[in-house]
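The structures considered in this document are given below.
Below, chain A partners chain B and then partners chain C, in two separate complexes.
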Partner chain A sequence: MSITLDQVTKRYQGVPVVNDVSIDIGDGEFFVLLGPSGSGKSTLLRAVAGLTGVDHGRISLHGRDVTHVPAQKRDVGLVFQNYALFRHMTVADNIEFALRVRRVRASARRERRRELLRLVALEGMDERLPAQLSGGQQQRVAVARALAHKPEVLLLDEPFGALDAKIREELRRTIRQVQRELGITTVLVTHDQEEAFALADRIGVMNLGRLLEIGRPDELYTRPATRFVATFLGAANLLLARQTKNGLRFGTLGAEGGADGSVADVPQGAREQEVVAVIRPEEIELAPARRALVCSYLAAGVVEEVAFTGALERLRIRLSAGAAEAELSRAANGNGDGLLEVTRSQHEQRAFGVTPGQSVAIGVRRIHVLPTPLSSFTAYAATLAQATELSLHPLLAELASRMRTRVSTRTADEHAAITGAAVIAAEPEAVAKIEWLLKEGVEEVLVLPQGAGPPQRVLIHWADDAARGATLAVAASLLRHVAAEGVYVGILPTSTPDGQRPHSMRALLDARSEAQAVHGLEMRTELRFGDVAEELARRLAESPDQILILGISQLTGLGARFGALLRPEARSPVLIVHRAADLRT
Partner chain B sequence: MKPLRQPSVLPGFGLTFGFTTLFLSGVVLLPLAALVLMTASMPWSEFLHVITTPRAIGSYRLSFGASLLAASINVVFGFIIAWTLVRYEFPGRKIIDALIDMPFALPTAVSGIALTTVFAANGWIGRYLEPLGIKVAYTWIGVTVALTLIGMPFVVRSVQPALLEVQRDLEDAAETLGAGRFYVFRRIILPTVLPALLTGFTLAFARAVGEYGSVIFISGNIPMRTEITPLLIVIRLEEFDYRGAAALGFVMLVISFGMLLTINLLQAWGRRRHVATGH
Partner chain C sequence: MASRPYALLDEVATRPGRDTAVSAVVRWTFITLSMVFLAALLFAPLATVIAMALAKGLGAYFATFLDPDTRAAIRLTLITALVVVPINTVFGFAAGWSIAKFEFKGKSFLITLIDLPLAVSPVISGMIYVLLFGLQGWFGRYLQDHNISIIFALPGIILATMFVTFPYVARELIPLMQQLGNDEEEAAITLGAGGWLTFFRVTLPKVRWGLLYGIILCNARAMGEFGAVSVVSGHIRGLTNTMPLHIEILYNEYNFVGAFAVASLLMLLALATLVVKTLVERTGYRRR
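Take a look at the complex of A and B:
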């Protein structure tokens, strides 16, 4: 491996800006770190270059641990967004800088300089000053300068950010060419998904300091695992669906996608479960009527907007009542108005032209189901007023908006089934409510105390081993959407004999590697001794901005075991994950 | 010279150029011309005699020597102060930044008296230096201290904007290319701020040469040893020896002009060599 990052964490004033990131980058690979501004991607790159220290974790380059090696001795080449050329030096002096530092002979320097200028197509520019070059040329000089000392890795920090579109594309091609020719391991940081697709062998998508997913561009585009990646890599419609034996059911009308199971790549599951489906705008087909559709029927809708953009036509369609319920409250494309985005080719436009106001039948060629266990939230309380108040709880609103999902309300006397995770207030009867909800088939219950804010730390514990997989999945899903660190708390009875302890430590590490391997979740581990509920309460009391994810598989004695954590005076939210033991196998 | 048709916020070129000429003539050139004329009315031998008395030569040495030394000290410490103010964020930074301008605002006599109080043999600092055999007040050291004080803001204020322009990225880039801290300072930071540093030096030096108020209190004015040229000029005036005063003034004018010209030429040469032409 060329570059290995192992659980790298960097904090600014206590807030993690790079949060437990682990990556292995192979020899000669072109790796792109993609994320919105503030996602921590540039900080991570600077940490690899040695310009920023890390608070936790290790960085190695070609097997050499460089975590504490200063930038001068790391042997990397770094290219900045604003070129960072030395303005008082000529192009030649800029390129030879690293060689001068290393006291390379003048003739060898000249030789290398010629080679590099040829590589970046700037022959004959040796004696120019940076101010006499265009932006694109300056960035080429910067690339040549970064390569002069034959570094082991090349790091590019938004290198095209300051250039206009045409130059950008040209330089992009040059960089790809140079990288191929030299076979140098390269990491590029960008917020532009098109750039990432054009350059990357593999892409790592970052958000809120976490590395969410790593994969080949096409893999990430067609099979994202998270809502964020699905929507950040191009437009996507996120819809809530019911997973049935026959496929997916959208809304209440019973519209079925993929009756033959070929449309959606649905994970196998026995129960009718709520899932989040991703539909790319180009996978949608329109027809005048349901029977005219070539692919599976999704719903009926009315065209709201038609925009011509050259090769493609962009449409926005309002789903008809019933099917509309399937939609998440905030549409994935960020406009929040709950319209379905559709793009169609010229060919499709000619076959069936539409105008605003027209009713159409909507079909889907391909649906991808996100493997996320948290689909939506339902605030549950005795009266509608209480349920509404609960649904407006700042932490819940924050979570729903970050997860781009919906919060619905439900009172005790309604009989509709609760979808997704249930949310209740921390109150004296909380335990009874939880027991009832879990018996109804709800799998996750979030208990919210008054005034709880966004968490800094997510504590993870499963009381019964059967709930382990589900608990980790829920924790991974939650941690992708909040800037917090995950800590697994293992608790052993005080009476544990010393001989038993190594075994417990191993179980702890097993849990960590399972989280890493299956969910891409990096978490820390802690081992405590004592009574489970008491130790959890003690850990939660240490600081107010924590949330506990508690996995259980037995309902009996819930109050006796964990009642103390669920009382109104508890300050931390608790998310209970329940999986019955027999269903798991 | 570009002709009149340059659209600009200020009124036409003719008006502004006329004003510039008038202003410079009235305030700068005419008084200087009077000085030269007054000197020219002296017989050559008398002129030579007046400007080469041992007392006069001693005063030149002190005036220009102490000014050069003070300006050099200011270049070093002014740079450090400017660096601290630009690069670090600390409580009270704004206050220190404002304090830099104090020597501008203070009547020079006040700073002279204050310095004397502090550095006299029984003053706050002087009393600790005295046993070490260092006398500050009433020696050339005191003169240098006073000239350093009044010249300091010039260096700081010239270097500050230049330092703001040295982007962190440049240092980071140099560091990833393998350069150590000292190398970065010598090859990246210094060349970028050198023109500003020279300007600061020139301004501080010019100010120090002309300084009068603060120096006369701390120097003790011992002829041949701690007497600066401006003071000697005043003494000549008080003796109603106007021509002698003019002759000394003329010498100062020539030396100062020569030194400033040299520094300016040096700067222009440096610009041609290093800094980009045309943006």
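Take a look at the complex of A and C:
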């Protein structure tokens, strides 16, 4: 491995900007770190270069641990977004800088310089000053300068950010070519998914300081595991669906058993539940009537908008009543209109032309189901006013917007089944409500005290081992959407005999590696001794911005065991994950 | 038709940057005004200085500089500048660096402190040192016991001058360093350069014009400072008189030729400084 990052964490004023990131980058690999601004990708790159220290974790280059090695001894080449050429030196002096530092003979320096200038196609520019070059040329010089001392890895921090589209593409090709020619391990940071697709062998997508997913560009595009990656890499329609034995059902009415299992990547043998489905705009087919569709029927709809964009036609389609319920509110995306996005090729346009206002049948060629346990939220309260108030709770609204999902409301007198995770207020009867909801088949209940804010730390604990897998899955899903650190709190009774303690430690470490292997979730672990509820309450009291994810598999004695954590005066939200033990096998 | 002049004004107002008769008039009015103002306030006094210095011929003019007291004053001024400017350059660089590159507690307080000498009257700056080191001052007794003289001696003059001139280098460097950022230094470090090498090969060349400009301003002020030095020097002829102080003494003795001759020398130093500054600015801005 060329670059190995192991649980790297960097905090600024206590807030993690890089949160438990582990990556292995192979020899000669072109790795792209992709993420929106503020996702921590640049900080991570600077940490690899040694310009930023890390608070936790280890960084090694070619097997050499460099976590505490200063930047000038790391032997990396770094290219900055704004070139950072030495403005008072000529191109030649700039490129030779690293060699001069290493006291290389003048003739050897000249030779290397000529070689590098040829590599970046800037022959004859030796005596120019940076100010006399165009932006693209300056960045080429910067690349040559970063390669002069034959570094082990090349790091590029948004190298095309300040360039216009044409130059950008040209330089992109040059960099790919140089990288191939030298076979140098390269990490590039960008917020541009097109750039990532064009360059990467593998892409790592970051958001809120966390590395969400790593994979080949095509893998990540077709099979994203998270909502964020699905919508950040290209356009995606996110729909809520009911996964049944016969396939997926969209919406509550009308669209019955539409897309069958054959078009969707559905985990085999999964139980019936609400899921989030990803449909790429180009996987949608339009036809005048359901019979005329070649692929599986999804729903009927009305064309709202048609835009010509050259090679592709971009449409927005309003789903008919019933099916529209499936559409996730995308207010978070800035287009909270609940329209289905469709792109069609010239060929498809010629076969069936549409105009705004036209009714069409919608079919899907391919559906990808996200393996996320938290599909949507339902605020549950005695009256509609209370339910609405609860659904507007700042933390819930924030979570829903980050997870790109919706919050619906339910009152006690409605009889429709609750889908997704239920949300209730922290109140004296909370325990009774939770018991009722769990008996109704709800699997996750979020108990929200008034005034709880976005968490800085997510505490994870399961009271019964049967709930372990589900708890980890929910925790992973939540941690992907909040800038918080995950901490698994293992608690042993004080009476644990000494002989059994190593065994318990083992269980703790197993939990950590399971989280990492199955869910890509990095978390810290803590071991405490005492009564479970008391220790959790004590841990929660340590700082206000925490949330507890509590996994249980038995309903009996819930109030007696954990009632104290769910009372109105508790300050921290608690997310209860329930999986009955007998259903697991 | 009555609205015609207004239409013209409207046009000027709505289309700035366009040449019209009105804008030409406005332009020349402003240029003439500032030229006349400068002539009255700057050139006239300068011309007077030269005229008065040469009123009794070149012989009398040069005779002034043969006077040992005058020579001592010139020497003292040069020594003061020679000590003060390098110290303030180092301090200004350190202050500029720390303010531009680091976040720390009390940063805005430090910036305010650096500006203090510009806000405080120079006379008061001098008084501070008298209060500290004078016979009746806080450290007066201790200094007397150990036979150290600060007030009415060279150290006092240097201290007072330093106090008055320390903002110049720092104030010149802070905005420049903030604007240029850290990228070049970081690039140098990733290329394998150590701290000193990065400083001398990258940082210093990067800010050299701003630094030079700050040094020039600092030097001009150090040589010309009157108020603060006047309070701490004691006006001992041939010993603690700097050039500005010496000029005053000569003037008070009705030795107009002598006073203006020394003044012309000081003026010449200032002019030379300004010429260097202009040259630096020209090359500096072209290279930047």
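The definition used in the following text is that the second predicted complex is superposed on the first by the 572 of 585 C-alpha atoms of A that agree within 3 Å, B and C clash if a C-alpha of one lies under 4 Å from a C-alpha of the other, contacts with A are read in each partner's own complex, and residues count from 1 in each chain.
Assume a contact is a pair of C-beta atoms (placed from the backbone, for glycine too) under 8 Å apart; a residue touches a chain by one contact, two chains touch by 3 or more.
If you're wondering where the values come from, they're calculated on a predicted model, not measured in any experiment.
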Please tell me, clash or fit, for chain B and chain C sharing chain A in the overlay.
clash
Quick check on the superposed pair: does A:Arg64 touch chain B, chain C, both, or neither? Answer first, second, both or neither.
neither
Based on the superposed arrangement, let me know which partner A:Gln132 touches: chain B (first), chain C (second), both, or neither?
first
Give one of first, second, both or neither to describe whether A:Arg102 is in contact with chain B, with chain C, with both, or with none.
both
Starting from the residues of chain A touching chain B, keep only those that also touch chain C in the other complex, and list them.
49-51, 70-74, 76-78, 80, 82, 84, 86-88, 97-98, 101-102, 142, 145-146, 148-149
Quick check on the complex: what are the chain A residues that touch chain C?
49-51, 70-78, 80, 82, 84-89, 97-98, 101-102, 142, 145-146, 148-149
Going by the contact rule set out above, which residues of chain B touch chain A in the complex?
167, 169-170, 172-180, 183, 187-188, 191-192, 274-279
Quick one: in the complex, what on chain A touches chain B?
46, 49-51, 70-74, 76-78, 80, 82, 84, 86-88, 97-98, 101-102, 129-132, 142, 145-146, 148-149
As the complex stands, chain C meets chain A at residues 183-184, 186-194, 197, 201-202, 205-206, 208, 287-288
